[in-house]
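Below, each structure is written out as structure tokens.
Shared between the two complexes below is chain A, which pairs with chain B and chain C, respectively.
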Partner chain A sequence: MLSPERRTSMAERRPSFANFSGNSNHIDTLMVPHLAGIEDPLPETTPEKVDVLIAGTGLVESVLAAALAWQGSNVLHVDSNDYYGDSAATLTVDQIKNWVNRIHNSKNESEPYKNAKLYISSSNIGPDCKYASRDFGIDLSPKILFAKSDLLSILVKSRVHQYLEFQSLSTFHTYENDSFEKLTNTKQDIFTDQNLTLMTKRNLMKFLKFVLNWEKMPEIWQPYADKSITDFLFNKFKLEKPQVFELVFSIGLCSNMDTKVPLALNRIRRYLVSYDVYGPFPVLYSKYGGAGEVSQGFCRSAAVAGATYKLNEKLYSYNPTTQVATFTDGSKVTVTEKIIMSPTQAPEGNKHVPEQKYEVNRMVCLVEKDCKEWFSEDESAAVVVFPPGSLKSGNKHVVQTLIMGSGSECCPQGTSIWYLSTTESGVRAEMDLDAALEALEISIIRESSEEITNDNDIVQISDDGRPIINSVRLGQSFKEYVPRESVQHLMKLSYTQLTSTPPFDVVNPALFDNDELNNRANSVNKFIPNASDNGIIYTAMPSSEISYDEVVTAAKVLYEKIVGSDDDFFDVDFEDDDNDAMPTGASVNGVINYENAIEDDEEDIQMGEDDSNEFVGEMEI
Partner chain B sequence: MHGIKRQQYSREILKQKRIQDQQKIKTYKDLTHSALDTRDKGIFTTDALQLTSKILELNPEFNTIWNYRRDIILTVTNDVKPDFWENELQFTMEKLKRFPKVYWIWNHRIWVLDNYPNATDKIWLRELFVVDKLLSMDARNYHGWHYRRLIVKKLESINGKLMDKEELKYVTTIINKNISNYSAWHQRVQLITNIFNKHELNKKEMKDMVLSEISYITNAIYTDADDQSVWFYTNWFIANDIVRLVLTNDEYIKMLKDIKDNVILINNDDVEFSGKENNWCLKILIVIEKTLKEAGYELDKDEHTEEYLKKLIDNDPQRRNRYIYLSTKQ
Partner chain C sequence: MSNPITSIKLVLLGEAAVGKSSIVLRFVSNDFSENKEPTIGAAFLTQRVNINDHTVKFEIWDTAGQERFASLAPMYYRNAQAALVVYDVTKPQSFIKARHWVKELHEQASKNIIIALVGNKIDILEDNENERKVAREEAEKLAEEEGLLFFETSAKTGTNISEVFLGIGEKIPLKGLEDEHNNNGLNVTEDQRINLANTANASENASACSC
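The block that comes next holds the complex of A and B.
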């Protein structure tokens, strides 16, 4: 049964893909393989015997399936949904409707989604309306990809990047004093910024240099090892609140004030070392849908390596003694090695799904505004971060927002998708998300309105002739601003997603210990009589992390459990090795040789006497 | 180019490379022999021109061949096709893209422009655009900056209009992009010297420029106190005749003392942060004290040169003997 309503798949978009590659010689190697259930009919039967059964086509499961398939394992990869992606899916508006209904009717006691609320403007989206349901691709787990990250390396190594198109994202806004501040994160920004004091410039540069090599300077951070990053930046680097918030929440994308120093330093560095790898931007996202596209790409790769795919296939039970897995349609398969399963796919009567004690609260709005004001030129996405205490709800946790414009091909011209999320839980989370949404709305109306307050009121000239932004005035005018129009919501979805991974932490390998070997050693995980999922290893649900950073770690841990070691994880030797370069999408093409704006080039000039006499000679002292 | 790792070859790879290169070496040797031979015989034909093209393709460092090429061009100049000169520019551009730091290519390109038949200022304006492009690819190529000065000089003499002020704006945008660009700071020295020496500003404008330069430097040393380009420029600026002439002696002394205070503040901040003094700060402080004394300002108890040198002897052992020598001269 094919999904009745869906967006065009990678393979169906292939002509445009061939165009952008711009090299007709490589069309063969760029072939996007067909995927069962999308372009190919679903197989009527399942194999009798496989090495590994994977249930759920989310990110971790798909990366794992591809890694195992290329390693030579015989993989059966199923999904109980009629689409690919599972917890990482990119869905149309109608598919979202069904998804919400499914959650409401779920009989799964360990259902990882709850509190789903959906509003659809039926006068705007639907048959004979301005917009069709499939004009939109809505991500259940919106993600951004750092230019220097393990997933990007794997994408290149596995060649899955050839199925995808990436676009750059360089705008990170920090919401402060009721306005959106753009980041000051390169040496150029710091040098030319007229609003920073000289000492702030110095402290900021000092920190940026330090953080690139922080492990090598324990004398600086060790005394603060157990302290929070905000404490460290305020006291050791004497930075001021706007810079601290920018570094911790926008660059580091941390969740709250208390993030510990080493963890936060790694997160801040992640951004900085990613900047200028492919151009003047730190992150990328895949066009046509984020995590959904990436996981589909890995499924296609797995299919090329021989994995069997089946949608609408739900496990009924597994018998670890006979190694037979039975599906709800009555078919059976013998699994010689392991069953890996996403909690979303757990069979009825399951008893082993790990406790999902952390909440990620999400809100998605389809908005009839192009939001170009928030994007950099030639870009179509932005990140907006609301630090703790910046919202009128008095938020204790950060609200992270990913804005996608029509250039991402996830929504039509003149519209945009706003993804808001927070690690706050319960009613407070709802209040925070509502407050953030309101702040976004007011801001976009104000910024796209023609009757903006006169700039002269906002920019003042200081005594030494430098312009200074009057943030008080800006804040006032913002507060006093009464929007004459309101933002048209085409769809608004909010839901709580549960996960076993704490906010901004990596997956705990102990989660995957629900297999026989460990059952013997660990009495806690004993088989439970009448449980339908004895012996099944559950994957972790996506965490609150906005980047893809946890995915490869989790897939590797699982891979090691099955294969015994992760040495040959995607150790693939492709025959046509002439195409190793990273042909990232059109916006990335042609951008080469950017020097890292922060790192110093020691080779620039030697202080040596022969080299330095161009205009000053040896410094005359 | 900066930021590109030098490739290390193992002995084994070098051996293989040599075997592979043998054919290339033979071709190259044959070509140079026959080219030098035809040159010695005084042959200046389009065939000989082809021959030089082949050699320069392999080795653009061979200036003798560039010379021979120019001799040939001057001889056959009436027989060449109308697009010859344009192709010759294209020829040098291809080489420059591969070898951006070979003097002879830049040299030949200028010669081609100088000899371009019926040239107007348009060709030089276009060349300025070409330099913009080249510098945007590698803003720290000293050749590019040198070439830019030649082009600007040419345009100035054709149009009878000085371009130093526009050029200063250009170089400022480049320095803003990366304050570690030594070539760009050097260009700044050239331009400011020109502007003052050619009396392009009135008295008030000169003073404004010096003052804005002081704040530009201050901004730069605060942004990165470990960057030697900035310190070198500071060193040039504070002891410069231009600054001395534009400011009254009192103003000059005040400027030096202001910079001194800022440098001391930066150094103290470094000590507080890491426990280490900033050697650049110590060095520039010595220069400032010397300059203050030359300007007739009595430091008396405030003089710390001896102390700074002692610290440098400890902190910078590579230049230890130089500091010892300097302290004996005190």
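The block that comes next holds the complex of A and C.
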């Protein structure tokens, strides 16, 4: 029970496993591969007995479901909502309305959402209006994907990436002195930036070189190990405030001035090594909605591997002694190993949900502006960071903003979605978010307004005669600028999301120890009479992290708890691995790689995680 | 093969055991199996077809069992350009389900989706016309009302199977020809799409901007 014996993997259990020999055309017996190893006919009802029950189709839960299903576990994956994604869902405007209502009427003692406020311009969105509810895909946890990251590797390995479409995001703005500074993140940018002194350029180069291999140079950073990154950059590298802020808040995406040196260095490097993996940009996002799409992709992968899916299914209680889980519709299932559950799905009468003491405050605005002024050419998204002290509200924490334009297919042409978030809490958070929203509005009105499009500052010409698109362009006249129009809000949503994960911390494995049968010496494990959720392991709510970086770590910890080791986490053995040249249309006597024949004859399939590309070539000095 | 290629995402919908996977198997591998396993899992298969001077690459998504409890993920049909809604001509219930899927697609899928209504297993009728439980006229009427292509097929004998896909291929606006008035950006998307499995372009781009 403690560490269950390793089950045979999906590939091993597949009857065609033994006989299948790659590209062979000479298999004589007519044999259709069992589709994903399911030998029995599909049951009409939910299974009576499963290895693992997962409740909630958020990111961590979905990655876990797929990992377990491919490993060979029998998984029942449910969600109390009628849509996929849970805490990571991508929702239409109508679904947002219902979601807000649900939060207000929640009977979950540990409801991780609160203070939800919603405004919808009903003259603009709805039946017979300019825009339909489903023209929008609104993310509850907006995320960006670093080009070099563990989730990206898993996406490729599991081939879930084939279900998704990714686009690039290269524009990171730092808001400073009431204007947007576009990030200087390449050697070229640094050299051509006329605002930098020679000294600053040299210091910046020195730091960029250091940070790529910072662990190997303890003599440089160790004295600052407990200090803040801002301290380190000012004092050790003699960088000036604009550069420090860019490095810490835009490149590193840190949430306040006090982020510790090693953590911040890792975060800065994450950006730099991701640059140029797929092209001249550090991050990507999935079209049609971010985290919601990714979690759906993993759910589909889990289903392909045999997991059973049921939406609209809510747990009523679990009895760890009989191992029977009962749902609110009266159906029951015996769970032989573990129940994994998101706090959003906790049954009434729950007493084991870990304390959610950190706030992430979010605001989402649908605006009638395409915001292409903020995007790079051919892109439809941008990140805008408001460093501490940059806003009228005197913000202590960063406000991070993700802007999605219509090219992401998350919103119709002529509109965009602004996602703002902060780790600040309470009233201060509200003030910071409002101030950031206002700053964004003023900027976009100014930048998109006609009268100044002829301003000389808009396009700077570099030495070799190429125009440099420069978003600083309107900075000078900004203070005097009085907006004449206002930004039309189509929808405005704000809410507080609670999480047990502190900002930038990875999830704490001890959280998952509400597991009676494993009987770890932890007070939260105690059997509590009348609790509806004894023995249930709760996942952590998404943290404030804007990237996907915590997801795989959390899923792996849970996986290890269930399987005994994470050695074969997504050790997926696709039958057609060496076989992507298999002629489609050619009969291989009925043996087609049906459940996973994701072949793309135009592409050279390479695994992303261990490519030998030199990273950031242009960073080398 | 230098002629332009249009990729079409095609999804399959229909009640269990109507022959969805068999239709795909016939189309992709020209094969059939009497005892086909119910599909829990299927990701997608690709098949190229030449239509006139054009290559159409079908990206065929079979269901993965998620539809069983009405839990199909929207990503399944969201940006599909084509759908096969399949029923079994000997099972009236499956036709009712097909109506339901047509309605669902009209509500949820992209506006320009091309839907083919497919009545499968007509080979059974050859031996005994009494087995027919869904009148051809009834299905034709539905197709007419909803603007669907309509075919009666047999995955077992292969009757009409390639016609279904060719019929769809002919209705799809082809790349290059109609790029100007592209419907809803159907194919434009391809170009900005980044293939995560392919990092090869990195070095090129790196050299382009190093100084």
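Here is the rule we go by: the second predicted complex is superposed on the first by the 503 of 621 C-alpha atoms of A that agree within 3 Å, B and C clash if a C-alpha of one lies under 4 Å from a C-alpha of the other, contacts with A are read in each partner's own complex, and residues count from 1 in each chain.
As a convention for this text, contacts are C-beta pairs under 8 Å (C-beta built on N, C-alpha and C of every residue); 3 or more make two chains touch, one makes a residue touch a chain.
Just so we're clear, the structure is a prediction, and the values are computed from it rather than from any experiment.
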Could you figure out whether chain B or chain C reaches more residues of chain A?
C
Once the shared chain is lined up, is A:Trp99 touching chain B (first), chain C (second), both, or neither of them?
neither
Touching A:Trp70 in the superposition: chain B (first), chain C (second), both, neither?
neither
Name the contact category of A:Phe172: first (chain B only), second (chain C only), both, or neither.
neither
Taking the superposition on A as described, I'd like to know which of chain B and chain C A:Lys310 touches: first, second, both or neither.
second
Which of the two partners, first being chain B and second being chain C, lies in contact with A:Lys201: first, second, both, or neither?
first
Would you check which partner chain A:Arg300 touches, where first means chain B only, second means chain C only, and both and neither mean what they say?
second
After the superposition on A, what does A:Ile220 contact: first (chain B), second (chain C), both or neither?
first
For chain A, give the residues common to its interface with chain B and its interface with chain C.
187-188, 191, 595-597, 600-601, 603-605, 607, 614, 616
Which residues of chain A touch chain C in their complex?
30, 32, 34-36, 38, 41-42, 46, 83-84, 134, 152, 155-156, 159, 161-168, 186-188, 191, 276-280, 284, 287-288, 293, 296-297, 299-301, 303-306, 308-313, 378, 407, 409, 584-590, 592, 594-601, 603-608, 611, 613-614, 616-618
Residue ranges of chain B touching chain A (in the complex, touch as defined):
1-3, 137, 140, 176-180, 182, 186, 189, 215, 218-220, 222-229, 231-232, 235-236, 239, 262, 266, 269, 273-275, 283-284, 286-287, 290, 309, 319, 326
For the chain C and chain A complex, residues of the former touching the latter:
16, 21, 25, 28-31, 33, 36-48, 62, 64-66, 68-71, 73-76, 78-79, 108, 189, 192-203, 205-211
State the interface residues of chain A toward chain B in the complex, per the touch definition above.
187-188, 190-192, 198-199, 201-202, 205-206, 209, 219-220, 236, 464, 593, 595-597, 600-601, 603-605, 607, 612, 614-616, 619-621
